[in-house]
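Starting off with a structure, shown below.
Each chain gets a letter, A, B, C and D, in the order it is written, and its residues are counted from 1.
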Amino acid sequence: MKIGFLGLGAMGHAMARRLLEAGHELAVWNRTQARADDLVARGARRAASPADAAGGAEIVLSMLFDDAAVEAAVFGPEGVASALAPGAIHACCGTISLDQARRLRDAHAERGQGYASATVLGRPPAAEAGTLFVVAAGAESVVARLAPVLEVLGQRVFLAGEDPAQANLVKLSLNFLIMSTIEQMAEVFALNEKAGIDPKTVFEIMTGSFYNAPVHRNYGKMMVERVYDDPGASVRLALKDTEMVLAAGHDFQVPLPHAALARDRCLAAMAAGDAERDFVVLTENVRRDAGLAR
Amino acid sequence: MKIGFLGLGAMGHAMARRLLEAGHELAVWNRTQARADDLVARGARRAASPADAAGGAEIVLSMLFDDAAVEAAVFGPEGVASALAPGAIHACCGTISLDQARRLRDAHAERGQGYASATVLGRPPAAEAGTLFVVAAGAESVVARLAPVLEVLGQRVFLAGEDPAQANLVKLSLNFLIMSTIEQMAEVFALNEKAGIDPKTVFEIMTGSFYNAPVHRNYGKMMVERVYDDPGASVRLALKDTEMVLAAGHDFQVPLPHAALARDRCLAAMAAGDAERDFVVLTENVRRDAGLAR
Amino acid sequence: MKIGFLGLGAMGHAMARRLLEAGHELAVWNRTQARADDLVARGARRAASPADAAGGAEIVLSMLFDDAAVEAAVFGPEGVASALAPGAIHACCGTISLDQARRLRDAHAERGQGYASATVLGRPPAAEAGTLFVVAAGAESVVARLAPVLEVLGQRVFLAGEDPAQANLVKLSLNFLIMSTIEQMAEVFALNEKAGIDPKTVFEIMTGSFYNAPVHRNYGKMMVERVYDDPGASVRLALKDTEMVLAAGHDFQVPLPHAALARDRCLAAMAAGDAERDFVVLTENVRRDAGLAR
Amino acid sequence: MKIGFLGLGAMGHAMARRLLEAGHELAVWNRTQARADDLVARGARRAASPADAAGGAEIVLSMLFDDAAVEAAVFGPEGVASALAPGAIHACCGTISLDQARRLRDAHAERGQGYASATVLGRPPAAEAGTLFVVAAGAESVVARLAPVLEVLGQRVFLAGEDPAQANLVKLSLNFLIMSTIEQMAEVFALNEKAGIDPKTVFEIMTGSFYNAPVHRNYGKMMVERVYDDPGASVRLALKDTEMVLAAGHDFQVPLPHAALARDRCLAAMAAGDAERDFVVLTENVRRDAGLAR
């Protein structure tokens, strides 16, 4: 299939490579063009702009940093919206706000183009191996046409609903679960540490019994090792996601006390100078409140 | 080994049966004597009192309801403390407070008896199959002597430390993680439900991806099915556990905002008349706050 | 002085009347023109647009509903910005966001116009009597020129700083104190009511001893009388203010747990269908959590 | 009237002196006897024990530190309970738990003695001047007989109900309002400080407008001056009171999120080594979370 691919960060690059290897015909674009070099060496076409990537594509996938990056790539000069053929589809894989997803849905519809949100769970190695989890939402006919591509990317494709923003809400919800799980583990680790029990022991017991999901294992490990300086995702990014969850809570009138606390932890970490460290550093605010020296 | 076993509720009964089947010599006691009938039929001796069960035993295991039940069985008339031989061991498997564990530790030590906490994770079927998880703590020599018995009960025995109360703290911490996980899932389910996404879909995505621990699967399932009337553990019990976690936070000077919220959810459920329902009913307070009709 | 006055809601109308009575020369504008009739009868000039009110004015005061209304009146077609003379001053008295205040500050400065925020505390009768409290901020020279006008409006004029947004932050902070005080009183009233003590008795004791500020007396009275249907300010408005406080917390990296809770109470009230009732109705969510029938 | 007075701390001493000056016949007792010297010089009788103070008294007033001190003075050897004449009254003025108040009520009733709670608001100078506020509760006949004495102590006597514990609940509620008010002001001061506005300016605006109750003025002043080392009440004491409020919330099934947060702030202050400092030091945890250096 002819695919335009926008955004070659760690995740986007791995996803694009996976699609290439599955035999798809790719036109790739990234703001910093050099990120495309090895993909071009493997047969991708280097696109000069989002519009260039979208022209002639049946499907455009975007894996961009945030709402602003999506806005620029789609609606800016040389953007996707102006170049995508009627009937062709844009699927946004990044973590964007519900408002942005609604705007994409409506703007593409006005132009006779299809739009779906196709958010992904997992990290670059999973992307390269095609073992991500995909949470998609959009009109049935659009999602059906995307399916073969999404199945290359993910070991499993979940359908959240027919409104694209629903996939974004689910994705934000899952990110929020990480934040909340970090808080709950941080409280437990601090409490046990002050009682003379090594958090590593508690972590062993948790992950050796009923608290053994990746969300426990991956983040819990970083927490007990207190490794914050090779950020998977920064506090700044975690705060942005949390604000989007809270904004969804506002829109749908749902109080979310765990999310509110996560926001406060992020702000405390920002105020402590940790904006760019891995967001498991939130655990340090819990420790400091407990009198555990930083 | 000669074992006295106190407390034949659903868990205690299954544990006692497992020990019998493993060839141990049991004297069993329960406040309601009839609970012992089938164990007696399988070769256990019916003890007339905790003291009767403890006399001649190398090890006494207790699986009683709460601090008060332990207090009565150990220090009351015809209690364990007065009858257990010097050098013999009492291991308390129930979920008790740290204060109660300390009291047992000290009181047994004064009498030359050994004491350990040996808390268990899992439900009656796991107890019968010997696939519980055991979290034990106590003096090394005491725990070493208990080990063969604990290994019959659990698929894995974790050691929390040398102070018995440490096992109780870990057990309370793990129970608290359940409470906090229920809250986080309740917030996510309510938010998604109001956005038109069936919580069952979210549950599928969670447990099909990175949120697939038993703590997610078991409680999440009850939550999306909204089944509250065959209580594994009641709101009243969950509140009691949460208060014990908060008391530990008090003792060790550790703020625990997730635990404080769990407490408030329990109180709201009690106030709504749900004290005896399964504690996943806490999700209903989250739903009501979100305007989802009960 | 020649004053343009924009926004003739209950507050704006009373303020404009006060200025007229103090002998100032007013040009008044309101979206719904009829609100100006009696002021015109008292000598004000009816302006056809914000620009019309601003043309020739030394000072423009605006008392508009929200950021959007200010945006339209200042930067929209026939807006203040295009008509205000260089050296003349716009003072915004309404409760707007810090971002909006910064935008006004910068945009007026670009045009050689002065800008200050001059927020007001108090209700229409106080506005008419000139007994408001004014919290102003802006460049010293600008505020100095405003002073004679502000002193007509308020019994006291406070200076928050030289950046106009500082007055808005103080005003939002004071509004937040109301929200937080309502929550604290609601918790106390619910607790005492369940203990058989009439909240009115507690209110008497509070306001008869050390908790006798207007914030206690005015809102506490409405709470114990449970009168919600003659709204001074609606839940929707309270939520908007709270979101602006939280946004300021975000910008300045300050966790604000009381504000986060206030937000959740507002959302619960909105979800319960109370968006347009007086915001002391938040107390009902506290009561419901306590099992007190609505 | 013949009055026994127990507990001559700063408050008790001032109250006893006031009663003496009003012409009552006092027998005074304190654990540290020297505290009574000047009262004896003014005509009081030095009692050797609580029982000695209670023997022959029509009324015994106690102003003791906590539940434990009351328990010892009333039910311990040489305690009030054994010596107070049938028909005589014990009124406890200290801040005790509801459980302790109920125990006093029942135990005195069994002995044909009267009991009321007569809690007081205010500080030693007010006690000496007789300008305290008194919140009393108890059987009508008991309170009626106490009235002339309470009116000497307080400028105003409020009646909370016929169950003595109701006065204690109101008193604890009022103390909780202080805690919650400190939190709300701490959030506002931190937010404004980070925006470049001196908290003293905000304090001026608050107390110069609608937030001018003693609870704002007294505690706010200490907060903006950051004076913590001449403790009126310590963090430890504030935590004790907060735990009693939360215990009441537990008993009456009322979620109290503001109280839960106050508890966490106290724990953080304890963990930071501030247990014995004035409890307005709680503001420092808020400041630290906001990145304001301590």
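Following the convention adopted for this analysis, a residue touches a chain if its C-beta (ideal position, glycine included) is under 8 Å from a C-beta of that chain, and two chains touch if they have at least 3 such contacts.
None of the values given here were measured: they were computed from a predicted structure.
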{"item": "Same-site or different-site touching of chain A by its copy chain B, using the half cut", "value": "same"}
{"item": "B-D or A-D, whichever has more C-beta pairs in contact", "value": "B-D"}
{"item": "Chain B and chain D, separation of their C-alpha mean positions in angstrom", "value": "39"}
{"item": "Where chain A and chain B are represented by their mean Cα positions, the distance between them in whole Å", "value": "38"}
{"item": "Inter-centroid spacing, chain D versus chain A (mean Cα positions, whole Å)", "value": "54"}
{"item": "Two or more partner chains touched - positions in chain D", "value": "249, 253-257, 261, 264, 267-268, 270-271, 289-291"}
{"item": "List of chain D residues in touch with chain A within their complex", "value": "264, 267-268, 270-273, 285, 288-291"}
{"item": "Chain C residues touching chain D - in the complex, by the definition given at the top", "value": "121, 133, 135, 156, 158-161, 163, 165-166, 169-170, 173-174, 176-177, 180-181, 183-185, 187-188, 190-192, 194-197, 201-202, 204-206, 208-216, 218, 245, 248-249, 252-259, 261, 286, 289-291"}
{"item": "Contact set on chain D toward chain B in their complex", "value": "239, 243, 249-250, 253-257, 260-261, 263-265, 267-268, 270-271"}
